[in-house]
Amino acid sequence: MRKRTAAAVVLIAASLVAATAAARSVHSTAPKEVTAPTKLTVWAGWSAGHELKVFKAVVAEYDRKHPEVTINVVGGIDDNKIVAAIRSGTAPDVVSSFNSYNVGNYCGSGGWIDLAPLMKKDNIDASMFPSAPRYYTQYEGKRCALPLLADDYGLYYNKKLFKAAGITHPPKTLSELAADAKKLTVRDKSGNIKIAGFDPVVGFYENTPDRWIQAFGAKWLNAKGNSAIGSDPGWAKWAKWMKSLIDWYGYDKLVRFQAQPIDEFTPSQAFETGKLAMNFDGEWRVAFIHNEHPDLDYGTAPMPVDDAHPDLYGSGYINGTIIGIPRGVKHQDQAWALVKYLTTADHPLAVLSNGLRNVPTTQSSLNSKEIVPDAHFSTFLKIFAHPKSGTSPILASGQAYTNSVQRFFQQWQAGKVKDLNAGLKNLAKQLDAQVAQAKGGGGVP
Amino acid sequence: MSQQVVAGTAGATAPAVLLRTAARRRADWRRRRLVLLLMSPWILGFSVFFGYPLVMSAYLSFNHYDLLSSPRWVGWANYHYLLRVDPQTWVAVRNTVWIICVAVPLQVLFAFGIAMLLARAKSGAGFFRTVFYLPALAPPVAATLGFVYILNPATGPLNTILGKLGIQGPLWFQSPHWSKPALVGLGLWGIGNTMVIFLAAVLDVPQHLYESAELDGAGPLQRLRWVTLPSVSPVILFAVVLGVIQGLQYFTQAYVAASIASGQASQAGDTLNALGYPEDSTLFYPVLLYQHGFNDFQMGYASSMAMLLLLVSFAVTLVIVLNSRKWVHQAVPR
Amino acid sequence: MLAVANHSLLIAAAIAFLAPFGFIVLTSLMTTNQALSAHLWPHPFRLRNFIDVFTTAPLWRWTLNTMLYSCLATIGVLVSSVPVAYALARLRWRGRDFAFLVVLIALMLPPQVSVVPLYVMWAKLHLVGTLWPLIIPNWLGDAFSIFLLRQFFLTIPEDYLDAARVDGCGELRILFTVVTRLAKPAIAAVALFSFLYTFNDFFLPLLYVGENSHNWVLSIGLAQFRSLHQVQWNLTMAATLLVMAPVIVLFFLAQRAFVEGVTLTGVKG
């Protein structure tokens, strides 16, 4: 009995080990021939609907023209995965991320390699990229990323609902926005929101502090490089504006409205289905609406701005996808060739722009004849080119600072902060401490 | 082994004694070698997976380390930031304390209560026992997903049913006030393991103790207090210790619930602010540790958090174990 | 009277316990749109969901990975914990009580305490992204299993072992033949618990294979399922059911072992 069980255990163990080995060998690379193409892996953030398909198609085109490489595209990547992969030494050949917040970490730690020598070798000058993307792909002079199409943000409004409410043009100032939102809101019998005119809750869809603060022209950092959240009056002004509108709706009512199945990157998104009359969104929404709800009667306009700063109207917040090469990559030359192609050649940028409706990130591709004109999308091209458009700072604390700021305003909008000014000053101190700690210090400077 | 020694001692002469000592030493050596052989997996395992990490954690907690560059010594800076500056630390501590102080007593009470009901059941005890045990088998991720769906404020079955009864259901995982209670509910659903142990203990109580209590004029409540409870007190202690240990490690359900619920409410796509959703109400200490160590680039800082957790776990288990004799009625030998 | 109240409470509790399962099953049979609405009953019944789950997500690969992890880990736990428990229970040696205390301490330690340096170690060994950091520690003893087995071994009467010794059996042979046979229920319980624990494990797989979707286990895949298929709650619930199913089936097949095992932990623990 015991011999049999022992033998059985050994057999099971052996077969399992064999199965693992077999499984692994099935997944291992092709037999090593001299002429085998180099395998490259590209990680990208796109995953929703049409977006990953568009990117894969562009990469496939490059793949066909370059038989010496075969490229595998993996979508749905976020920064956590990139960080984990770099740290465990299993990073792919090319990585891209949807936002620039971690550039400080990537460049500062060398997690993404310095691209400057590669650019110099191929005579690529950073000035071919517009100023905002040029800024958010480097940190303290070290350029470890290049921009791969940019995003900017503006106002989407439902023309049918506007007509029904008698509103003739999209709001230009924030007070107009609040007034229009109230006019457009429809509630049901129990007071719950059926159609929301506008949802200003931080954390909903694309509502984040860095995108909003553009409308007030408020600064993130003062001249010394410390946080200006406690000192620049724009922050408090936005906070008060946002809270007054939220209080008009009732914070709980808005949360309940948001709890419906109106997920952002699905066809049931609230603006696309007419549940939300006006929405603050990125330029990519044009493509989503085109693919999912082409009959929607809507318009696009720049984001309304602070009544006291009418000169800011027409500008917006800019950020975008960045792409780079992780440390320790084996096929650096081929990886760089692909990165160079994607970021500097007009053709892929134009195709991606048409498919994703993102903004091309070189001066020449912006004017490329391949770009299919679109009335809705052209608003965003204008916002991108506006001199007052801006982006958020790249800090050593990476995405942690955006999380902290967002967390503070989420507590504020829920009514948990009693003294706004004291809270903002405290937040500024925390952000500075965060930066110091990220740099390897640890306390309040 | 003892037999050999005993056999050797009887009627010994001097050279026999020497032989015996040598034999005994050889036996001792063989025994030690055997013990070493048998204990070797654990010795190795403990050194590599407990001893080494503890020492290394302590070391890393005094460094700034992001795994991309080498560790940089910062002294007490991490601890200072943890205890004085990080606004989320005390939120996480409070949440963990809350879940331990609320969930553990509730779970013990609930498990004991159901066990009592089952013990008294005349018919269908086996069926009911299966019903109550089944949810404990559900993998935590699956159970959490199920609960987040069922407790969806807008379209979930629970709020739909409540709506039919005229009650507007709360926002559950979308509300900072209801998210932890919802997690406690999830924990109570999975009470099966503890319940089965209580059941065994309750059924084990000798019938004659009840009978003599009844003869003394004790009513049902008094029988519970003076017969049942003391008899199951070891199990109560076991459940409390287990509950506290689990509470200090509470991660999976909070992580999954927060990420699903926040994605549902359309969190702005790129910032990964989901952990602790909503408003840090589900931010427990292990969750925060994970966030700092593996989402931000702060492994040294996470190590300082780990050291604090170690201290607290140690202190708590020490308190419970030292006081166990006071609280647990020593089983009367039968 | 009391019996009736008892019974009605039991029924009420049973309904409360079964209701979540009921809702999950019902939702898994709904269409996508129905799952998004406030309907409680599927209309029509869409059994296809269970097939669709397999095409929308690599459920088979996740299952294979989970089986690999759980089976290899369980075998490892048994192989490494039985000798240790035996040494702690039935052999007398200096430092034995201290060693047992160490086992108890390891039992109480939250895994988060050791997770950072271990991750660093596995990263330096280039094993992050594989299942090995999950499997290997189980081959070097598991505190809970050692504890359980030791408690059980203590109850084995010395007479059995002495009889075997008189017959000339070496200690190792005693262990492998007599003790393991006598301790079958405890060993079965340990195997069951190890399997369940690794099957349900989320934290460690999240850490080590989270970024390599090729090696995802069921718990990770299920947690990520919703983010990949946001609107499709019906498929998510179908996937949830499929993940719960093996464990529940295992329970019904090995019911006695289960209950005995659980009781063992509480009574001897």
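Each chain gets a letter, A, B and C, in the order it is written, and its residues are counted from 1.
Operating definition for what follows: a residue touches a chain if its C-beta (ideal position, glycine included) is under 8 Å from a C-beta of that chain, and two chains touch if they have at least 3 such contacts.
On a predicted model such as this, the values are computed, not experimentally measured, just so you know.
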item: Count of contact steps on the shortest path from chain A to chain C; value: 1
item: Higher-contact pair (C-beta pairs counted), B-C versus A-B; value: B-C
item: Intercentroid distance (Cα basis), chain B paired with chain A, Å; value: 39
item: Length of the line joining the C-alpha centres of chain B and chain C, rounded to whole Å; value: 15
item: Sequence positions of chain C contacting 2 or more other chains; value: 36, 79, 123, 227, 230, 233
item: Residue list for chain B, restricted to those that touch at least two other chains; value: 67, 154-155, 263, 294
item: Per-residue overlap in chain A, given as positions that touch at least 2 other chains; value: 80, 84, 87, 261, 263, 265
item: Residues on chain A engaged by chain B in the complex (per definition of touch); value: 45, 78-80, 83-84, 86-87, 98-99, 101, 105, 109-111, 190, 203-208, 252, 255-256, 258-265, 327, 397-400, 402-404, 406-407, 410-411, 414, 416, 430, 433, 437-438, 440-444
item: Chain B residues within the chain C interface of the complex; value: 1, 3, 31-32, 34-35, 37-39, 41-42, 44-46, 48-50, 52-54, 56-57, 60, 67, 114, 117-118, 120-122, 128, 130-135, 137-143, 145-147, 149-150, 154-155, 157, 160-161, 163, 189, 193-194, 196-198, 200-201, 204, 220, 235, 238, 245, 248-249, 251-252, 255-256, 259-260, 263, 286, 289-290, 293-294, 299, 302-303, 306-307, 309-310, 313-314, 317
item: Residue numbers on chain B that touch chain A, as the complex places them; value: 64, 66-69, 72, 74-78, 80-81, 84-85, 87, 152-155, 168, 171, 174-176, 263-273, 278-280, 294-298, 301
item: Of chain C, residues touching chain B in the complex; value: 2-3, 6-7, 9-10, 13-14, 17-18, 20-21, 23-24, 26-27, 36-38, 40, 79-81, 83-84, 86-88, 91, 93, 99, 102-103, 106-121, 123, 137, 139-141, 146, 162, 165-166, 171-172, 175, 196, 199-200, 202-203, 206-207, 218-220, 222-223, 226-227, 230, 233, 236-237, 240-241, 243-244, 247-248, 251, 255, 258-259, 262-263, 265-267, 269
item: Residues of chain A defined as touching chain C within the complex; value: 1-2, 6, 9, 12-13, 16, 19-20, 23, 27, 47, 74, 76, 80-81, 84-85, 87-90, 261, 263, 265-268
